[in-house]
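Look for subunit A in each of the two complexes below; its partner is subunit B in the first and subunit C in the second.
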Partner chain A sequence: MSNLPTELKYARSHEWVRAEGGDLVSVGISDHAQELLGDLVFVELPEVGAGVDAGSECAVVESVKAASDVYSPVTGEVVEVNEALADAPETINDSPYEDGWMFKVRLSDPAELEGLLDAAAYSEVIESE
Partner chain B sequence: MEKKTVLFAAHQAMGARIVPFGGWLMPLHYGSQIEEHHAVRRAAGMFDVSHMQVLDLLGEQARGFLRRLLANDVARLTEPGKALYSCMLNERGGVIDDLIVYFIGEGRYRMVVNAATAEKDLAWILAQAAGFEVVIEPRDELAMIAVQGPAARERVLPLLPGALRAGVAALAPFHAATDGEWFVARTGYTGEDGFEVLLPGVDATAFWEALAAAGVAPCGLGARDTLRLEAGMNLYGSDMDEQTLPLEAGLGWTIAWEPVERDFIGRPVLDARRGADGNRRFVGLVLRDRGILRDHQRLFSGDREIGGITSGGFSPTLERSIALARVDSGCPESCEVEIRGRRLEVQVVRPPFARNGRAVVKID
Partner chain C sequence: MLIFEQSMPGRRAVAQAPLDEGAFPDIPEAFLRQRPAALPEVSEMQVVRHYTRLSQKNFSIDTQFYPLGSCTMKYNPRGANTLAMLPGFLSRHPEAPPSHSQGFLACMHELQEILKEVTGMRAVSLSPAAGAQGEFAGVAMIRAYHDARGDHARSEILVPDAAHGTNPATAVMCGYKVREIPTRRDGDVDVEALRGVIGPQTAGIMLTNPSTLGVFERRIEEIAALVHAAGGLLYYDGANLNAILGKVRPGDMGFDVIHVNLHKTFSTPHGGGGPGAGPVGVSERLVPYLPVPLVARDGDAYRWLLEEDCPESIGRLSAFAGNAGVLLRAYVYARMIGREGMARIAEYSALNANYMQAQLRKAGFDAAYPARRASHEFIITLRRQAKRLGVSTMDFAKRLLDHGVHAPTTYFPLLVPECLLIEPTETEDKATLDGFVEAMAVILEEAERDPERVRDAPHTLPVRRLDDVRAARELDLAWRPGADT
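And now, the complex of A and B:
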């Protein structure tokens, strides 16, 4: 059973969002997603300053076997990316919700978070797969 | 409905992630594909390869039949137990499958072919066998376990039936020893020393568990793929197929041109294309930058598209991405790969990339 912190919000496409105070959030991929992908060996992050739309492709994670798009769960501007992942993409496998965060977004509309799934709802998404 | 090997329950008990592959449900990995890869390069790992198809060819004309069927020449097999890697070609010179054939004794050969192609291979072989005194016998009751890595030898030998131990210990590479239904070959698909063990299905789980207890790491198809890629070994269906001549898949060395009168299937096409200027080259690639090379990515020299990647991935030994690729005959020493709309420089090298535990390509 994969680990699902209850303080986070989730997207159906397996990203998580953490409220970092104000209109700032951090984004990563869920424990379930990293487990499905297997050992990660490459991460391509968005550029700082780039605008992202909810549901749009904005990063790529590649495991030993396959490449997967990461979709931004929110709309806004990328203000920081986790540079440490370039040298250590496996951090996402080891710590998907903490050290394996991918990028931070300044939200255009903080109310957008309410449209995301809570842990219980995301858990149902996983089980229905 | 996918088939299961006799080891399926053992894989589940060891926490395997199971995936469909070539009509079978097989382990992809047991936790970490990269750790499994390193286990094979550094110590010993084992793979359930029971999904591969074993065929025995029996009869007075088995040898003559195989000399017609295969691009390599079984006449090279004079000692019992000796193995030969070969392509099986269609009339157009395309590769129906690649396989290993063992000479067991007069009128007795054993072939091991790929799982995903087993059905079409068998149909092709039976069709070609018309007119030859040969019986083709699928050996579906046998399991097959590959044990690979520098420590494979010391961990396998004590677990073999007593009558086989001395014979297996004395095996040269690409030779096999047999006793009863057990058949042990010093072959593999990883670039490491080791054995491929054919054994009765009823003995397979106990042997697998004994290997695990002896410290041999269970490894899935994921590690099998990265190991063979590093070893520069072709994957059927990716690096070559029925539309590809062996000459353009780095497999020219497996064609036995002599004697010239041996009329193997596909020979007229290969004779015409042998040494031709226009033949594409099969090369290795190393990505200098971060990123992952994947099959079907396109390769460029300046504005000119010069070929494409046939199989690629991450090399745990080199800690960067590598690939096999088919390129125009005039390919330079470096070129560019297009990944998600961006061009990145790749170095062209001669495979293998890694063997016997270490990198063997020089990276600029």
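And now, the complex of A and C:
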């Protein structure tokens, strides 16, 4: 059973969101997603300053099995990306919720977070797949 | 071991050596090598043994069952090779004038006609040198059509999420934005979702039918009507044409452009670099844009149609006329099979796939779309086994190699977790299909008893499990003297 921290919000497309205080959130992919993808060999991150819409493609993760788009779960502006992933994509496999964070977004509308899934609801999504 | 590693200074293949070192007075001094090339220094016999050993390590359709889904790895009849290698074909220079190439041009013209007939399209160009180039030519023609009408607002190509990755890649290469269409649980395109995103920005849709999920798109006529009503065009990816050959024609389904993978459906050599051939067929409205050269027939004489004959053509895709040797093999194959034979291809490839799917289900495996009849291929998912036994689809695939079978396509389409996409083709007999099912049953039983054995496979091949993760992360393609090996 994959690890699902309860303080995070989740998207059906397997990203997680952590509230970092104020209107700032960090985003990554879930333990379940990294497990399905297998060992990651490449990560493409958005540009700092780019605008992202909830549900839009904004990054790519690639394993030896598959390349997969990562969708932004929220709307806003990318203010920081995890540059360390470029040289060490396996960080996402080893630590999907901590060191493997992908990018940080300044939210246009903090209320948007309430529309995301909590750990229990996301767990049901995984089960039903 | 690389042949470079067998090199010994001064060793040569004397019988093969040129009589003199050669002088190249025509080449400017600046372009001549300063040092001899770093070639391996080996004897003739070493070379023969090295490459013969390598060839013995091949997994190929000539040695093993090769049920690689979506690839149509069928037997390549030797008769097609023999006829395509007649001296008149082999010795024909690509610049030879048409008056000296009437036989070759006649074969190419007939192949155009055969492909038109079997796909239901208005005209065919043989020149794309592979499936990907055929796709590129197809979408370039869609763009040329809209541009010629001054319809520049069309910026999107629709692609179902089950599509081959080449489809969105092609659309992007041709300057379009890709919009993904979801698939319903039953495997059909979600027509309601399609309705929601189609509009004046839609340049076209790229579809594979049967889809990569191994099922026939049942609402294709409705999809065609929707796309056409919005002013878009329909692109047919010919990857799965084997399933419907001689039975249903993409032209009759409403498609405007199609590419055919001759190296799949028309049984020319496939894999290991091909070379492939990806002819394109079009409906009436795209005829002016076909890539040149085409072959025309005037009475009993054949001639090339070139840029000056087809001013609106998207142009040439290669220096000459595509992969001539491959086109000849496909032509011979089509003539050997004939019209009735083509229908039998569809019947037997679908029968073989459905038989295997039924037998695998009996052996305890889960079909991804159990309610649907398979086309020429089908998907099983090992999700349940992976969860319960900790043995993945990749482990099953590697263990199959020990059983003398080339593994089916793994982890594609991405929509189905832990999947195997299995395509037996029409050229395999029942005993081979049963052998595969038996091997899968044995591996399943082994996974219950000794999962480690499956996770460590293969055990009997020249190399064990390769570290594909390290290979991708630390890519190293060039041999250097003294590099650690």
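The working rule: the second predicted complex is superposed on the first by the 129 of 129 C-alpha atoms of A that agree within 3 Å, B and C clash if a C-alpha of one lies under 4 Å from a C-alpha of the other, contacts with A are read in each partner's own complex, and residues count from 1 in each chain.
Note that a contact is a pair of C-beta atoms (placed from the backbone, for glycine too) under 8 Å apart; a residue touches a chain by one contact, two chains touch by 3 or more.
The structure presented is a predicted model; accordingly, all values stated were derived computationally and were not measured.
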(request) Look at A:V48 in the shared chain and tell me whether it touches subunit B only, subunit C only, both, or neither; answer first, second, both or neither. (result) neither
(request) Could you tell me if A:E129 is touching subunit B, subunit C, both of them or neither one (first, second, both, neither)? (result) second
(message) Looking at A:D39, would you say it contacts subunit B, subunit C, both, or neither? Reply first, second, both or neither.
(response) both
(message) With both complexes superposed on chain A, which partner does A:S68 reach: first (subunit B), second (subunit C), both or neither?
(response) second
(request) Report, in rising order, the residues of subunit A that make contact with subunit B in one complex and with subunit C in the other. (result) 38-39, 41-42, 64-65, 67
(request) Provide the residue numbers of subunit C that touch subunit A in the complex, in ascending order. (result) 165, 394, 410-412, 414, 417, 468-469, 472-473
(message) Under the stated contact criterion, what part of subunit B meets subunit A in this complex?
(response) 17, 28-29, 32-34, 222, 225-226, 290-292, 294, 313-314, 316, 321, 340
(message) Quick check: in the complex, which residue numbers of subunit A touch subunit C?
(response) 36, 38-39, 41-42, 64-68, 89-90, 129
(message) Using the touch definition from the top, list the residues of subunit A that touch subunit B in their complex.
(response) 38-39, 41-42, 44, 60, 62, 64-65, 67, 86
